[in-house]
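Common to both upcoming complexes is subunit A, partnered first by subunit B, then by subunit C.
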Partner chain A sequence: MPKPCAYVLGAGKTRFGPTSKTIPQLAQEAIIEALSDARLDPCDIGAVIVGNFLGGPNESQLHLNSVVAGLLPGLNLPSWRTEAACASGGVAVHQAVLALSRYDNILVVGVERMSNVVGMELTRNIGMAGDVVLDQIAGLNFPANYALVAQSHFAEYGTTPRDLELISLKNHANANLNPKAHFHLKEVCQADIDAGPPVASPLRLFDCCPVSDGAAAVIISSRRADSRSVPILGSAVASDVISLAQRSTCTSFPAARAAAEAAYAEAHIDSRDIDFAEVHDCFTIAELVAMEDLALADRGQATMLVRDGQTSIGGRIPVNASGGLKAGGHAIGATGVGQIYESVLQLRGEAGSRQVEGASVGVAHNVGGVGGTCSVHVLGGAT
Partner chain B sequence: MPKPCAYVLGAGKTRFGPTSKTIPQLAQEAIIEALSDARLDPCDIGAVIVGNFLGGPNESQLHLNSVVAGLLPGLNLPSWRTEAACASGGVAVHQAVLALSRYDNILVVGVERMSNVVGMELTRNIGMAGDVVLDQIAGLNFPANYALVAQSHFAEYGTTPRDLELISLKNHANANLNPKAHFHLKEVCQADIDAGPPVASPLRLFDCCPVSDGAAAVIISSRRADSRSVPILGSAVASDVISLAQRSTCTSFPAARAAAEAAYAEAHIDSRDIDFAEVHDCFTIAELVAMEDLALADRGQATMLVRDGQTSIGGRIPVNASGGLKAGGHAIGATGVGQIYESVLQLRGEAGSRQVEGASVGVAHNVGGVGGTCSVHVLGGAT
Partner chain C sequence: MNHWSCPTCNRDYAYELDACTWCHVPLVRVTPVSAEVLATTEVAVPSVGHEDVPYWCALVRGADGVGSIVKLDYAINVGETLRFGRHTEVDLEVVGILGTGVMGRGLAELLLARGHRVVLCGRSEDGLAAAKAKVLDRLGRVMDEEQVRQAECRLGVAVGYAELSSCDVVIEAVVEEMEPKKVALAQAEAHMRSDAILATNTSGLSIDDLANALQRPQNFGVLHFFNPANRMRLVETAIGGRTSPETAAFLDEFSRSLGKVPVRVAATPAFAVNRALMPLLNEAVRELEEGVADAEAIDEAVRLGLNHPMGPLALADLIGLDVVANIMTNLAERTGDDTYAPRPLLRKKIADGHLGRKSGQGFYVYER
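Now for the complex of A and B:
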């Protein structure tokens, strides 16, 4: 294994889901847990990076780095907010890895509040992650974009609605094992999924992730503190044109492929070395695309792993043991940081009833828009 | 002189001011000029960082890193958007310096469109840079915040409205020499300033910067390309609590002092080595506070330099030879990048009729909100 590019010293996360808590309250809860987990004080922190997407449209509060860094008062720390749509959190973690060139013990906080805005206004705000000028205003909102991805995958590879249902069932089952997941739907079954109304054909209600509030925090360092420190072996970000209409394929995100390739190269691994994956399943079809972009399966072949149960906990390559975005929740700016939190728990063997046995290398995959930005992190290895 | 932490290989900037151009059009214009200035092709670029503040509220378009990096198609570059209120641009440049640990020839693009939103809606949107919960909604908007700063400075140090007028006159005179400035008011004089309506006492119309559209771009590298490459000797960012009500003083921004101290230490200079400064004069009073925070004058003493004409072009320490935000314009996310553009021109001797003679060390100072975030860059030295 190569020298890790960074270590995660501590991690914290609120439960994802609707809440009356404010952005500073959510951030503080995650920060306190991360500091406690790392056994650090606020004065040990060297910089603060805030991942957030909708602070402006949903909260009328920008400049959130000042709000969040101000929770550690008197320190005048370097801080900024990172926004890359739904990949804001993962990109913020990548920035922390880069910023180790100057700072240490960098606190990355992903935070989002979404439940305070509803209906068409929220649809419009989320749509700001996509091409507003040509796509979103014309009605090609996010469910519609991912419906195009699904239709293309069905046409090219013979994927079926039943494959998507299996992903939904798996992720809801996993979320039931995660106390910080958005959904704990003990009774969810095939009949419930079949009864879900269509959202954008072929996607039905249970193919779509929920709207969540929440925060997650991790502390990134250039050096191992103790045996609980989790190495980051590879960290990469790539981007693409914002609209599917500008690309040559709808069944793969080139930015995800580029980020995975770069992260694996840095980590000196290939996809066969990966024991578990936390991937960006904003819609069930996105989990299939993610598995293929991460080279966990050949193009069009991820469905085989799903049908065989190989992506369940206990399978060959568990995907979204946390419940994923689909059932664990999607608090946009917090999601990518929450994937790192989950990976830390898995790699330490602290994931309780959803623990992936023998987990020693994990990958976290966070997507903005319909693949306009993607981050990939490889964690684990040398403990 | 120490080894520079980075070099600016090329710089470009649109004129600041109202325009019908869109964000991608503005960004493209600045990018093409920066690439041409650096004699680089798009495929030489290693990463793209976008500084922008109001993409969400003003444009309904977030994920601007994908939009802007997508102007260099087929490259799948690492990219993200940085937001730190009005310091978004300066912080984006700092991030590029940090990211040289992994990438090279980093394209930093600051871009903002403001003239498409007017009146109370724009006031509300700009207010998102301040504390929305307690300050802005209660009426303590940005002119009111800086009026408190001015009243405090008047009370503590005997500063007068006439001092602020001198700053306004100087910056309008400088802007007349800058073809890319927002204002070219050939006739602006004392009588015009006196006739300006009060905005928030003691600030009148000519104490306030305008609402500008615009973009600026710079290319940051770890190595000198040729004799036109401009060294960055120091780069720092610091933050503070967001509201003046949370701080012990209104006449200084601790984040600016912390950033200046860190940047000067990295550059191995003190303030007496500085030949010119581009500072964040969103209001005239902010120029005085900036000079004191940058240690160009002792606290309360910056007025003496202004009264003596020492901050004019040809004076001992020219401040805002570009016209500053006040008259050069304030296209928020572009402003901090535009300060680097101006510094590059000055240090190369390419600033035309506003050239500061003998300019060899310059400082750029960019503030978010009322000092919630500040970046300071020291440029020049070893050419």
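Now for the complex of A and C:
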């Protein structure tokens, strides 16, 4: 194993799901848990990076770096906000790794409030992750984007709605084991899925992640502090043209492939070394595409692993033991940071009833829009 | 569907830019004539700007190899070909409209916005000029100047019905009374091609009685649009005893081509919607007569209690109290059930010249 590019000293996360808590309250809850987990004092923090997507349209609150830095009053820390749609959190973590040349003990906070905006307005706001000219004017909201991906995957590889249902069932079962999951207490069975209304054909309600509030925080350092420090072996971001209209394929995200390739190269691993994956399953079809883009399966072959139960906890390559976005929740700007939080728990053996046995290398995959941005992090290995 | 291409390196851009990022030369706009459908989805969830669902999004690739997303109000299959620009206009029906009232103008606005040529027929030059100005003014709220100018080129106005010989479809939208409708339909038919379709926008008169005025009842049916025609998605379609199956099918197909949802109803008095609506409006008038509450309160109660977008009295004002009373009278006469007949207060409003929004006063007073 190469020298890690960074260490996660501490991690914290609120429960994802609807809440009346404000952005400062959510962010603070995650920050306190991360500081406590790292056994650090606020004065030890060297910089603050905030991952957030919809503060402007949902909350009329931009300049969030200052809002979050205000949770550490008097320190006047360097801080900035990162926005890359649903990949805001993952990209913020990558920025922290890069910024270690200048600062240490960088606090990365992903935070999002979504439940205060409902229905058509929220669907429009999330749609801002798509191109305003190519996608938004044509009514291509996010379910519709991933519906086109699903239909193309069906046509190209013979994937079926049943495969997507298996992913939904698995991730809901995993979320039942995760007290911080959006649907921790909701038991979802086949009858629920069958009763789900159509959203954008072929996707139905239970193919879609929920709208969640939440925050997650991690503290990134260039130095290992103790045996609970978790190494980041590879950290990469790649981007692509924003609209499916501009791509030559709908069944794979080239940005995800590029980020995975770069992160694996930095970590000196290949996909066979990976013990578990936290992937960006904003829709069930996205989990299949993610597994293939991460080379956990050949193109069109991820369904085989799903049908065999190999992606369940206890399977050969557990995917989204946390419940993923689908059932763990998708507090957009917090999601990528939350994936790091989950990976840290798994690699320390602190994941409780959803612990992946023998987890020593994990991958976190966070997508913005419909593949316009992707971050991939490889964590674990020898500490 | 446009994209911009560099004439030097052939790189394509989705946006209107001044120059190529590599070559710094001006870009050329490219508009394909057709595109193949690669994937589609039926979108069932509305969003701001896309309130009417379902609609369809298609990922298409133009004949020039450039992709785009197209919003459609009808289902389309993978592998089908979409055509753009002038090619579609040739296929669109030329539509005649009889009447320059609210529905006549609304239909003209809808059809022009969808790219059709329209012949708007009225009784006077002045009335037609006013109607034309109103239609173009409405279109100016959703179109730029060039689009309005093109729409104006597609809009003809005519006193009398001689111009209807160019029309594929004619929709009658004159006053909601049997005799004037019969006269208008018969005179229009006399000028129409023998294969053209004639439809009435009646909200509930007997189609077979109307058809008695015609030489070609097989080409005649009901297309009942709702006000405002450009926004309301429902079209009630109905056929008479002598309507041909081809005409019946056309009524639904034509409605769908306008982005509407046709619902076939039996040719019974007031069809499905007004049959349910009129007793509601009449009962709200009766509540007012009996002092249950004032007009604002009755409307607010129904809006909040039934989740209606507007109250029954405000709606009656919007439709026009004379129109509402005509439908009620017709319902009462044809069913023999006097409970459908307009309430005395409604009759009094009409006698006083208070016809609703269009006269400046009805159950409410409107600034003109």
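Everything below uses one rule, namely that the second predicted complex is superposed on the first by the 380 of 383 C-alpha atoms of A that agree within 3 Å, B and C clash if a C-alpha of one lies under 4 Å from a C-alpha of the other, contacts with A are read in each partner's own complex, and residues count from 1 in each chain.
We adopt the following convention: a residue touches a chain if its C-beta (ideal position, glycine included) is under 8 Å from a C-beta of that chain, and two chains touch if they have at least 3 such contacts.
Keep in mind that what you see is a predicted model, and the values were worked out from it rather than measured.
Once the two complexes are overlaid on the shared chain, A:Gln246 sits against subunit B and subunit C alike. After overlaying the two complexes on the shared chain, residue contacts for A:Arg124 are found with subunit B and with subunit C alike.
Contacts of A:Gly56 after superposition on the shared chain: subunit B is touched, whereas subunit C is not.
Of the two partner chains placed by the overlay, only subunit C lies in contact with A:Ala144; subunit B stays clear of it. By the touch criterion defined above, A:Gly369 lies against subunit B but remains apart from subunit C after alignment on the C-alpha atoms of chain A.
In the superposition on chain A, A:Ser36 makes contact with neither subunit B nor subunit C. Of the two partner chains placed by superposition, A:Ser353 touches none, neither subunit B nor subunit C.
In the superposition on chain A, A:Gln301 contacts neither subunit B nor subunit C.
With both complexes superposed, B is the one of subunit B and subunit C in contact with more subunit A residues.
Contacts of A:Leu100 after superposition: subunit B is touched, whereas subunit C is not reached. Within subunit A, the residues touching subunit B in one complex and subunit C in the other are 124, 127, 131, 133, 241, 246.
Contacts from subunit C toward subunit A in the complex involve residues 14-15, 38-51, 55, 57, 59, 67-71, 78. Here subunit B touches subunit A in the complex through residues 48, 53-57, 59-63, 65-67, 69-70, 73, 76-85, 91, 94-95, 98-102, 124-125, 127-133, 236-242, 246, 254-255, 258, 368-369, 372-373, going by the rule given at the top.
Taken together, the subunit A residues at the contact with subunit C in this complex read 119-121, 123-124, 127, 131, 133-141, 143-144, 147-148, 151-152, 155, 197-203, 241, 243-247, 250.
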